[in-house]
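The structures come next, written out as structure tokens.
Here chain A shows up in two complexes: once beside chain B, once beside chain C.
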Partner chain A sequence: MSERHVMIRLSNISKRFGLFRAIEHADFDIFRGEFFSILGASGSGKTTLLRIMAGFEAASEGTVHIDGAPMDAVPPHQRPVNMVFQNYAIFPHLNVADNIGFGLRKLGLGRAERQRRIDEMLELIALPGYGARRSDQLSGGQRQRVALARALILRPKVLLLDEPLGALDKQLRAQMQTELRALQRTVGITFVLVTHDQEEAMALSDRVAVMDEGRVMQIDTPAGLYERPGSRKVAGFIGSMNFLRGVVLGRDGAMARVQIAGGGAVCRMPADRLNGAHGDLDLAIRPEKIALHARAPGPDALAGVLRDRVFLGERVHYTVALGDGGETVIVSAPNTAEADGVPQTGSTVWLSWPETALMPLSDT
Partner chain B sequence: MAVIQSPDSLTVMDGRRNTSFRRRLAARFDTLRGVLMLLPTLVILGVTVAVPFLLMSAMSLWEQVGFGYGDGWSLGNYAEIAGEPLYTTLLLRSLAMAMAATLMTVVLVYPMAYFLAFHVHRNKLVWLIIITLPFWTSYLLRVFAWRVVLGYEGVINSGLLELGLIDAPLDFLLYSRSAVIITLAHAWAAFALLPIYVSLEKIDKSLLEASADLGEGPVMRFFRVILPLSMPGVIAGTFLMFIPTVGDYVTPALVGGPDAQMIGNLIALQFGTVNNWPMGAALAITMILAITLVGLMFLALSRLLSRWAR
Partner chain C sequence: MKPARRHEFHRPNRALQLYAVFFMVLLYGPILFIPLFSFSAGLYIRFPIESFTLDWYGRLIGERPVLRALENSLRVGVSVAVVSTCLGVFAAKALVRYRVPGKGPILGFILLPLVVPPIIFGVAMLLMVNALNIPLSLYTIAAGHIIICLPFSIAILMPRFEGYDAAMEEAAADLGENGWWVFWRVTVPIIMPGIVASLLLTFTVSFDEFVMAFFLGGTDLTLPLYIWGQLRIPRNFPVVLALGTLILLFSFALVFLGLRIGRRGAIKLVDRG
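The block that comes next holds the complex of A and B.
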């Protein structure tokens, strides 16, 4: 990969509130022009991390660099970042235009230039002519866009967004996601988005940091997180996932042989994924990577009993119990897979998957 | 083809009529309930404010003749008020002194309210009680306390004498306009403090962070966000303090000298020693009108200022 310009560097950031550890050793870089998301459950420390970047919280340990400059002694109003707040924080005493233009005072622009920039922003957020509107007469989506415009008008190096779509209904949310992504491409500013919605993070981001209880668990591209989750927590957080236990039996060149607990079948998977692990192993596999068969397709197939079949339209979900009532596995297949007959619940079925589908997990 | 209405559809229609009727009834009931809930307040306001006000207005149009009243209505009292410089002087002085006391209080009390709203995070109630503690004592006691502080042999004078800073007691401390203004400012401070505190407390803290984020330092944050958003409280506090202090007569009577008397003293005199109730009523009505006028001017000014401050 070519040398990329680091926009935000978090060096070993920790944050404690009293004895409570809100952030532990966050240490990563965010690159220029990147759409970076911080994903995590409620209370995992996402907002705290964002506020440390904005300067509203001081880190207990570690340093934030923005565009190469250390931010230790730089108060929020002097940082080259702007923020879209979780509740938008629109000034109630100002109209839309004055809200958007709030930060321009410092730039010492003339009245005409100020007006021109505000109009440009209103155009960008698709609210032309709304300048004189009182801010309490805006819908949730409009407030969100005003908050966005108010931050973008200052052309910050980084835009920090704290669950900006959290308060919107599902439909508007999807629309705003598309707009947000398009906007980020247009303005070319580094975006750091905090969200607890994995689909949102996946849909919008170039890279995602997954947080859990104050720790950054994994940072990767959406596809990377989906295909190669490093831990059970990350795997469970992103998409749906089956968890299995297995034992490494041995290696044949590039492939490793792994016996799955429950079904007893021996599967093959790329050996380099194991990172030298041996013995007992936690494994994960996505429901849509598994194929369900009414007859044994080969010796590697895992046998099980079909417990349940749920028709979801486009896809069908099967619940299969492995071996003697052991672990259950969810299989998600397109409805076209049932061309040769609907399997009966209670009957024996066989499962198979591509060799690359099985993922080892590092910890619990 | 004949259309036979089934009994079902009939009951449906009936039901619909029924619900709209019920809805209207409920709406009526809501209005009724609102009126009922307001009734005690309305009665009290009517009996204690509106009726006396009307009586006073009527009385101000009478004329005192000896120990009785002359026949018919006249604007004589008002003509006398307009013509006699003493009345106008007292009225203007009262407005000016109340304004000074109000201004002083608002300026002094705002930082207290600010501190309470933004820097106290625990035990706010305790702080609020401590700050308003003086107002738990009687108004008269508070005024007397200032006599003790400002008097010829009062706390300040004896303190300064003791320190050797002065040779003789300062006699301008008590029985002066400044004594009245100081006492009024202290005695009514809670009325200005509480509304300002409430309006500051209501300000969403994330608005301050947003303005910091948008590049404003502490001073501009105050002038561009905190002050405009607390203006309703400042205006309410100003009115709550200004209105009663214009007509106050206890404080000027107790700590004001001859040239610190206010319109309230004159009105009290008319209803007392002078025994010219119609004149007292006319003075009271004039005072109310003057307060209204000043209040409206203040409102217009604050509107203008806040629009200009954008």
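The block that comes next holds the complex of A and C.
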């Protein structure tokens, strides 16, 4: 994609229910053809934001543009978006074909053309020949696919999905994730997916917006969120994370020197990441970026006491208490790292990491 | 063994069974006299019954005023059933789907006619109708019946709306249908069993209603009013019994059908999850 075409623009959207602020100042763009996820804990306002895009809720402030057109005065049935509802909302009085073809009435198609389009969708969702099935004879995964087909048959500019995999068991979920991603590539429609499952968001999306208590905390690619979380909340929400405190001692050139509280060791990290911060600092580091040593590898290594070792098969997790501060750090190492002997709990160990592993956080 | 304990707990309770039988006899026993004596050849209700006859039913067919009253009752009943079911659909939808301020009190107020004696409503309506100079007719009877029937209709329909996800209607709107089409293509088919049950039950209530009709009726009589008039003529009494028997059968059939349709629909919806 050479030039990014904005499909949905949220301009300073806020939503209040009475005095309760469900959404505060959501302001971002979703691009054409993108698989965009909104990730957040329960009650963070994800569904509300999606319903504002679909037109089921009116924003208290701000404007939604879809493909350049303002949507303020456009009711849901006239918006160029379709939605897959959380519990699928399959019509119980219609069979599979009539469910999928529900939206075709307005197009005024002939019988044959109608049937052709429905069959095409059944093919797409890999349920050919299921048209005459009653909707109560479908499994969870099949219902989900029918809901998808019903929304996609109208070729919307955007497909909105509210936790579409939430009702499925774990195995089916993984399978449907793959299918959903493949489907999005096939049809090339912009997908906006709401989920509280960070793995799902990471696996499916081109970009993810992380929400917390009605605020959009950060929008980035999955790798970006993982490697450069901007805040403690985002860092804690995605993957597992160690939180440390430190003091900026000074800079030499492109590197800054930071002393870690507890261990007392001085580490180096790229200065541009600090954004000019000085003094006390919140830091984060991923467990798998830390290496554990039985002997001090150098003056920069952090000393600590090994408290616990948990063998997880592929990986081993160590819990290390730092110096006198008592702060604990989790280290996740591949099991091959123990070739030179299993460290004893209670013994002193040293921790080291690459200079780029340490991340500063903007808030607490 | 565990199943034995469970069995014991569900052992039929003698006292309860006796009570149920006693209750049924008390409730339906007297009613059974009506069909019984409608076949008796004698003019008076007296045991033992000397001989049986179908004459009274034969006389019923030739009786012009009976047929007129029947026609009136059907006309009022059908109109009342249609109007109160339509109003009931909208009221039930509003009460279940929208945040109506003061929902509890409103609901109580709507269901009031179920507990207030019809005679109170009858007198009140009569006063109002007189004050407004409206002539008494089948229309005023129908108006009175709608007041009585609306709570039945709402009580039948509210669970239907509670029984399905509002997202169904949103999904239809999302797929391009405006409010009117959403109503016809999704709401009505889903609540159809409730609509049928409401039509049958409200029709039955109106068809059998006496007190309101007594206060609000003009010269055109409904069946219950006609029966009331005939009771004063002893020689016609067995004919009234025959008529009563037919009405009884008809009402039972309708109510039974209404409940069955309502229940079957409910089970279907639950099955569909």
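Keep in mind that, in the parts below, the second predicted complex is superposed on the first by the 360 of 364 C-alpha atoms of A that agree within 3 Å, B and C clash if a C-alpha of one lies under 4 Å from a C-alpha of the other, contacts with A are read in each partner's own complex, and residues count from 1 in each chain.
One rule holds for everything that comes next: a residue touches a chain if its C-beta (ideal position, glycine included) is under 8 Å from a C-beta of that chain, and two chains touch if they have at least 3 such contacts.
Since the model is a prediction, treat every value here as computed from it, not as a measurement.
Participant: Label the relationship between chain B and chain C on chain A in the superposed model as either fit or clash.
Facilitator: Overlaying the two complexes on chain A (C-alpha atoms) leaves chain C and chain B clashing.
Participant: Of the two partner chains, chain B (first) and chain C (second), which one does A:189 touch, if any: first, second, both, or neither?
Facilitator: It touches nothing on chain B or chain C.
Participant: In the overlay, answer first, second, both or neither for which of chain B and chain C A:148 touches.
Facilitator: After superposing on A, A:148 lies clear of both chain B and chain C.
Participant: Which partner chains sit in contact with A:135 here, chain B, chain C, both or neither? Use first/second/both/neither.
Facilitator: Second partner only, chain C.
Participant: Where does A:322 make contact in the superposed view: on chain B (first), on chain C (second), on both, or on neither?
Facilitator: Touch status of A:322: no partner.
Participant: Quick check for you: in the superposed arrangement, does A:284 touch first (chain B), second (chain C), both or neither?
Facilitator: Touch partners of A:284: none, neither chain B nor chain C.
Participant: With both complexes superposed on chain A, which partner does A:89 reach: first (chain B), second (chain C), both or neither?
Facilitator: Both partners.
Participant: Identify the overlap between the chain B-contacting and the chain C-contacting residues of chain A.
Facilitator: Dual-contact residues (chain A): 54, 56, 75-78, 81-83, 85-87, 89, 91-93, 102-103, 105-106, 150-151, 154.
Participant: Within the complex, which stretch of chain C touches chain A?
Facilitator: 164-165, 167-168, 170-178, 181, 185-186, 189-190, 192, 268-269, 271-273
Participant: Mind pulling up the chain A residues that touch chain C in the complex?
Facilitator: 54, 56, 75-78, 81-83, 85-87, 89, 91-93, 102-103, 105-106, 135-136, 150-151, 154
Participant: Considering the complex alone, what residue numbers of chain B touch chain A?
Facilitator: Contact set of chain B toward chain A: 204, 206-207, 209-217, 220, 224-225, 228-229, 310.
Participant: Within their complex, state which residues of chain A touch chain B.
Facilitator: Those residues of chain A that touch chain B are 54, 56, 75-78, 81-83, 85-87, 89, 91-94, 98, 102-103, 105-106, 150-151, 154.
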